Structures are given as structure tokens and as C-alpha cells.
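Dropping the structure in here first, questions after.
Lettered A, B and C in written order, each chain numbered from 1.
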Amino acid sequence: MSENALLETHDVRVRYHDTHDALRNINLTFCPGEVTALIGPSGCGKSTFLRCLNLMNREIPHCHIDGEIDYHGQNINTKKQNLYDVRRNIGMVFQSPNPFRKSIYDNIAFAPRQHGIKDRARLDEIVEQSLRRAALWDEVKDVLNKSAYALSGGQRQRLCIARTLAMNPEVVLMDEPCSALDPISTHAIEETIGAIKAEGICVIIVTHNIEQAARISDKTAFFLLGDCIEWNTTEVIFNNPHDQRTKDYLTGRFG
Amino acid sequence: MNDSTLVNNMPNRSATSSGTLHNRANGTRPQDSTRLTKGQIERGGKTLTGICVGIVLITLASLIVMVTAKGLSTFISDGISPIAFLTGQVWDPHTLDASGLPTVGALPMIVGSFAVTLLSCAIVIPFAVGSAIYAVEVNPRFGRRFFRPALELLVGIPSVVFGLVGLTILVPLIRNISGGTGYGILAGSLVLAVMVLPTVTSLVIDALESVPAPYRQSSAALGGTRWQTIWHIVLRSATPGILTAVVLGMARAFGEALAVQMVIGNAPAMPTSLTQPASTLTSILTMNMGNEAMNTVYNDVLWSLALILLVMSLIFILIVHFIGRKSEVKHD
Amino acid sequence: MTKSNGAETMKYSQRSIRHAQRNDKIATGVLTAIVAAIFVLLISLIVYIIASGANKAFDLQFLTSKPEQFKEGGGIGPELFNSFYLLVLTLLISLPLSLGAAIFLVEYAPDNEVTHAVKTAIEVLASLPSIVVGLFGFLLFVISFGWGFSILSGALALTIFNIPLLVRVIQQALESVPQSQRDAGLALGLSRWETTVHILLPCAMPAIITGVILSAGRVFGEAAALIYTAGQSAPALDFTNFNLSSYACPWNIWRPAETLAVHIWKINSEGVVPDLAAVSNGSAAVLMICVLLFNLLARWFGRHAERKLMSE
């Protein structure tokens, strides 16, 4: 649809155990430098959809993804696709902060090292750069060798974002990244999202918090019971939704 | 999974498999083609661990096949009737019976094995269930901090040590009280009971702990005393777990060799009293396997005893599965 | 849990409530007595075993000299060494195998019949009587492979005995690592193998090591699997002998090796050693002390590692 589309889904459908449809016919387009919020009540399939985009659903037994997921115009939802490359380019941040039980430095340097970067100076650079991008550098630069579990919840989540950014992804998927955090930490994360969006990264965020969607996203997609009901610019969704169900959800009639 | 040459020798594939994605000029992307790709690492890991599983499976399969083949040769090549073997009451392999075959009635040992197993479990059940209730319902703090570790310690005591203690304390004690030699099914059962107790108790504790708390609270809310709650609610819903614990305890008792062999007296005769020397399948095997040359009839017969042990342990597992499946159905 | 507040509204008479309360008290009393009995039994057992062998167990002469068959004053030197040597060999073989099998079951096994069969197989292996395992080792290693009564045959029999224990421990340890750690690794484009080796295993390590030490205690005390595999004789060892084909060389894996547990069983069933009681009590005390040390070590290590992993 959009000319500079980075990621596009065509009729994406997810089934568990061949029978139960978790998601039906999702057609969405995501562009660089754009934040898209996926909203909807619990169990509507928004997280399932998010986990399709970096093929994480492949890790769940009996979960089938049908349809096309085009990344740079190339379908990645194929058996032949190298999913490790997909996941390097399409990073993911999870609901509750899940740093590795390693030092702050190693949390970030671990994946680049596994991907073949052994040069210490280069790793130092990646660690500093990633932490700066996640607005965490100033807080942790003196304690890089401490365990990541010495950090507060909000810092841990920013560490997880930095860990993802260390791979230099083009897309960052976020699955309710603030749901376990206090308002101040949430604010810090939202600032970080704004900053990485400005770098041209495509951010797709699942959120329960409608105000958050309104604050940070350019586009919003509303999911309900496995269908994408409405997808438009955030402004339209919040001010003038076309579908009655979207309106009902946003005004708090269910969810 | 067909790929056992997972190491280093395949540098070419990395180029093809990473080429499918748009390659961006990016500092973090190594373009070192001699490294293994993630796909190769993954296949390697899967193969390596799959081989481990394969070894375990092959070991078990060959164990079952070899012991079965050896155990059946008594009946197939030596011509001893399985019925005579299983029901014969006289074990005297060095004398020939009327048909010119060795007299190898295994019934005394079979009865001995079942007797010590059942008796030891009869002794253990009240202690195991009682102490588990105490450790879960009455005093959970004590249960977690002291009782569980104590049980773990008891599990760790080697069976020969139990046998030795039985030999030096229990056998003389029984001899003084009831006369006779002191060796026999009673001594064997008591030693086994102490050995099996920690295993059964830990499993019963697991079963009781898995009873959902709301069950208890609702009973307490209706004014039930603690004992009423335990008796009518907790024990009832933990029954499958308790049964499983008992069956696993029986399996352990049935298969225990040395501790029993040291105190049972090893007389291969039909047991007529609890304090008379008797024998079990395991004790006869332990005593005699080394004494007979391979492939003699007597040796083959010993392997048939081993086969009975093997089959019994498979049956115990089947029973455990059966209990598990039944309780699953009930909960659904 | 007290029962009186709801009592008035209940349809029960005061008498039946008093009856129930009395039952409750009796039951609690009986349960307490049972637990006390088990504790007394356990403690007196351990104290008795160690006390009755203490004079020998702390006698360096006894711990290092070779056993005697027909006269007094024999020691358990070779047996003690054999026990530890067999334990180390067994762990060297069984640990990598169990680690691989457990990783396969937790991380790779597809949810199908084959996996189910493997899980059942491990359960069956765990429930096999150790004498049957020993006899199988006798049949396969000692006779079919022609290795004779040897350390190698014994170590392999103990491996079969130990694998189901270890696989279960490692499986539980891996399964208890939070799924979010696995997700984090995979989402960074790492393979499952790298995620398991570099992220999950370090997290699971305290539980694994604790389990390994506990299983070591079990292996150390095992005798039934060994009497027909590692044999019932202990050639005198010469620690200056490095000729790997000599029976006197301690490291020779082809020599027969009676362990401490087998020694206790054997001298008691033969009964020809004149100081039988002293030697077997001493050996039992040594065995018991070793097993206790394994247990304490496992406990201490588990707690220590847990704290280290959890702390900053």
C-alpha cells in the first residue's frame, strides 16, 4: 500500500492444532520511522500477530502461520527462510523485562559475539552505542560488570531494548513493554521509543494502555477476536473511528 | 538430522542461506564465511543431543531384548515347561526330576519376593501417609526445613548399609524374640520398609501438596476440623498420587537385592512362617549367578528369574501409567 | 482453622462438635508420634552406623591398607580408591550423555509418539532393579564384549543406573528456567543450541550440580549393579605403577575392582574374615560418612550457587 513499506502482511492467519483460529486475514503495512500500536482486548490476537512478524510463533508446537509476511518485498514466511537473519533484523522486546543472568555488558555484547564479532574494541563500541540509544548509558556506564539484576525494573527493560538495538534492527517489536513498569519508567521507555523512531526504525508496539497508544503511535490497528477490525492513522482511530466496535472499545464499553 | 559431519567442513552453505535476506551494509554483520551458520549450529546441536537419546534408547532396548532372550532360553532350548517353572514348589537344580530335567520350581522365590514386597508396603503406608500429612498439613514449615532434607538423607543411605544394620541388629533381635535363626521374611520386610519409606513418603508429600488450597479452605469455611478436612477432602483427592507412591515403593522393594539377601536366609523353600529362612528372586540371583557356568541349564534358569524381575518392573510402570491416566480422566 | 465461630449456626449438636475436636486432637497426636518415630529412627540409624565403625573409620591404617582374607587387621584402601575411581568414570560417561538427552527432550523433542516413547523409556530405566542392570552389564560387557570383571564394565553398568536419575534432574532444571530467557535468546536471532548452552544451562547449573552430587552419593553406595560387572576382588594397588595393562596399576580400567559397598556385602556373605564385625562396621561408617558429605556438599552448593545467581 505504502510506497516505502518495510514490512507488509497479506492474509496472515494463525492456527493452533489445525483447528483453532487465533488470527484471521490480517493485512497491515509498516513503514520505517513509524510507530504502529496494536490495541484490543485480551486474547484478541494482537500479541500472536506480533510474534508472527519475527517468526517467534515457529517456536510454539502446533502453531501454523499461513499467509505472506513480506519484508523488503520478500516473503519471509517460508520454510526456506533463514529465521535467524529475520530475527536479527526484526528485534523484539518482551512484556516483562528479561535480561540474561549476566553482567550488563554481557547482556548486550552476548548476541553480537555469537553473531561473530570478537573484537573487544568493536564490542565496547556496540555496548556504549546501544546503551546510549536506549538512554541508559549515563546510569550504568560505571557498573557495566554488575549483574543486570542489580538494575531497577525500568532500567532492566531499557537494557532489553539496548540489547535489541545492538543487533541494529530495522524493526523493533514490543509486546506490552511497559505493563510491568511504574509511570516514571514508562515515560522513559516512551522517550526511548520516540528516539529510535527518529532514527528511522519501524516500531510495532502492542499495548493495553490506550493513552499510551495515543501518545506515541502514528498508526493504530484495533484487533478483536482474531480479526483486525480497523487500521488507520492514530488520529483517525481515536477521533473518528469508522467501526462501531472500535468506538466501543475506545470509550471503554468492553475490554 | 542426517548430518553427522556438522563441524567446519561446510563453509559454502553459509553463503547461500544468509543470501536470501536483503543484506544491509551494517557494522554488526560479520561477513566471515568460514563460521558456521546458525542453521548448521542448530542441526549440529540437534544431531548431537539426538545421538545421546539414541544411545539411551538402544541401551534400554538391548537390555530388554538380551535379558528376555536369555530368560526364555530355559523354556525354548532347555525344554523346561514355563508352567512347571512358575508353579513348581521345589528348587533343586542339581537333581533331575522324572522327565530328566532339573527341578526348578521358582514359586518359593516368587512368593518370597511378593511376600517381602507386600509386607514392607503394609508397614510403610501408615508411616508414609501419616508423616506426610504432618509435614504438609500440620506443620509445613517443619516439613520443608527438616523433614524433607531428612528424607533425602535417608534415600541416600546405601542399601548394603541397611542390609548390614539388619544383619547386626534386626536378625539377632528377631532370633531372641521368636526363636529360630532370625533370618526370614520378617527381617527382609522390615529392612525393606525402612529403605522404601523415604521414597514413598516424599511422593506422598508431593501428592498432598498438589491438592489445590481452595479445596481445604472451603472445607474449613464450612466448619470442618483440620482432621475432617484432611480425611474427607485432602486424602480423597490425593488418592491417585498416594497410590502411585505406593506402587513405586513396591517396585523398589521388589527389585532390591543385597539388603534383602543379607537378612532373608536364602533358603529356596516355600516360606511357611515369617521368621523362617526364605528367599526372593533377587537373593537367589545375587547368590548364584557367579557360581554357575554360562549356558548351563541352571544358569539359564537364573536368567528366567531375572526376566521375571524385568517383567514385574515393567508391570509396575504400567500400573503407574494406568493410575495417572485414570486420575486425569477424572479431573477433566 | 478454629472451628468454634461457625458452630452455633451449624445444625450439628455441641456433642458432635466436641467429638470432632477430640478426633482432631487424637489425629494430630498420632501424626506427631509417627514423625517423631521416623526422626528417631533416622538419627539413631546414622549415629549407630558411624559410632559402631568410628574407631576404624578414622584410623589411617585401616583407610589405606589392603584387605585381608583370613587374618585380622585388613584395611579398605583399594576399595576406597576403586569407589571414587568408578564414581568419577561413571560421571564422565553419564553426565554428557544425560545432558544431551535432557537437552533434546526439553528443547528439541517434537511433541509426538517418539518423544513420548523416549520419556517412557527413561521412566522404565529408572525403575529397573539395579541387580537387573548389573546382570545386563554382566551379559553384555563382561561376557559378550569379553571385557571380564573390570572397572570399565562396572562404570558402564553404573552409567545405565545413573542416566535416568541425571536426565530427570537436568530436565527439571532446564524446564524451571523461565521461558522468557529462552524467548530473549531466540528473538536475538540465536539458535536454540546457542540459547541453551549459553543462557539456559548457566541458569540451570546450580540445580544440575546439586542433582549430580546427590546422584554421586547414590552411585557411590551402589553395589548390586557392580558385583557381576566390576567384580568382587580388589587387586592390591601400587600407585607408582603406571603400566596401564598391569592389575596393580590403579588407573587400569581393565582390572577388576571391588568397591567399598561391594566389600561390605561380600565379607558379610562369605563370613571368613576373623574381624568381620570391625571391618564391616568400619567400612559402613566410611561409606556413610562419604554419602553424608555428598549430601551436605550438594545442599551447601545448591544454596550458595542459588544466592550467587540471584544476587547482583
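Keep in mind that, in the parts below, contacts are C-beta pairs under 8 Å (C-beta built on N, C-alpha and C of every residue); 3 or more make two chains touch, one makes a residue touch a chain.
Nothing here was measured: the structure is a model prediction, and the numbers come from that model.
Under the stated contact rule, the graph of chain-to-chain touches is complete, every pair of chains being in contact.
Chain pair with the larger contact count among A-C and B-C is B-C, by C-beta pairs in contact. Centre-to-centre separation of chain A and chain C, using mean CA positions: 47 Å. Look at where the CA atoms of chain B average out and do the same for chain C: the two points lie 14 Å apart.
Those residues of chain B in touch with two or more other chains are numbered 38-39. Chain A has residues 84-86, 115, 167 in contact with two or more other chains.
Residue positions of chain C with contacts to 2 or more other chains are 189-191, 194. Residues of chain C that touch chain A in their complex: 110-111, 178, 180-181, 183-191, 194, 198-199, 202-203, 309-312.
Across the complex, chain B is touched by residues 71-72, 74, 80-82, 84-86, 89, 112, 115-117, 122, 126, 166-168, 170 of chain A. Chain B meets chain A in the complex at residues 17-18, 20-22, 24, 26-30, 32, 35, 37-39. Partner chain C is touched in their complex by these residues of chain A: 54, 56, 59, 61-62, 83-88, 91-92, 94, 96, 98-102, 110-111, 114-115, 146-147, 149-150, 160, 163-164, 167.
Across the complex, chain B meets chain C through its residues 38-39, 41-42, 44-46, 48-53, 55-57, 59-60, 62-63, 66-67, 70, 126-127, 130-131, 133-135, 138, 147, 149-150, 152-154, 156-161, 163-165, 167-169, 194, 197, 201, 220-228, 230, 248, 251-252, 254-258, 261-262, 282, 285-287, 289-290, 294, 303, 306, 309-310, 313-314, 316-317, 321.
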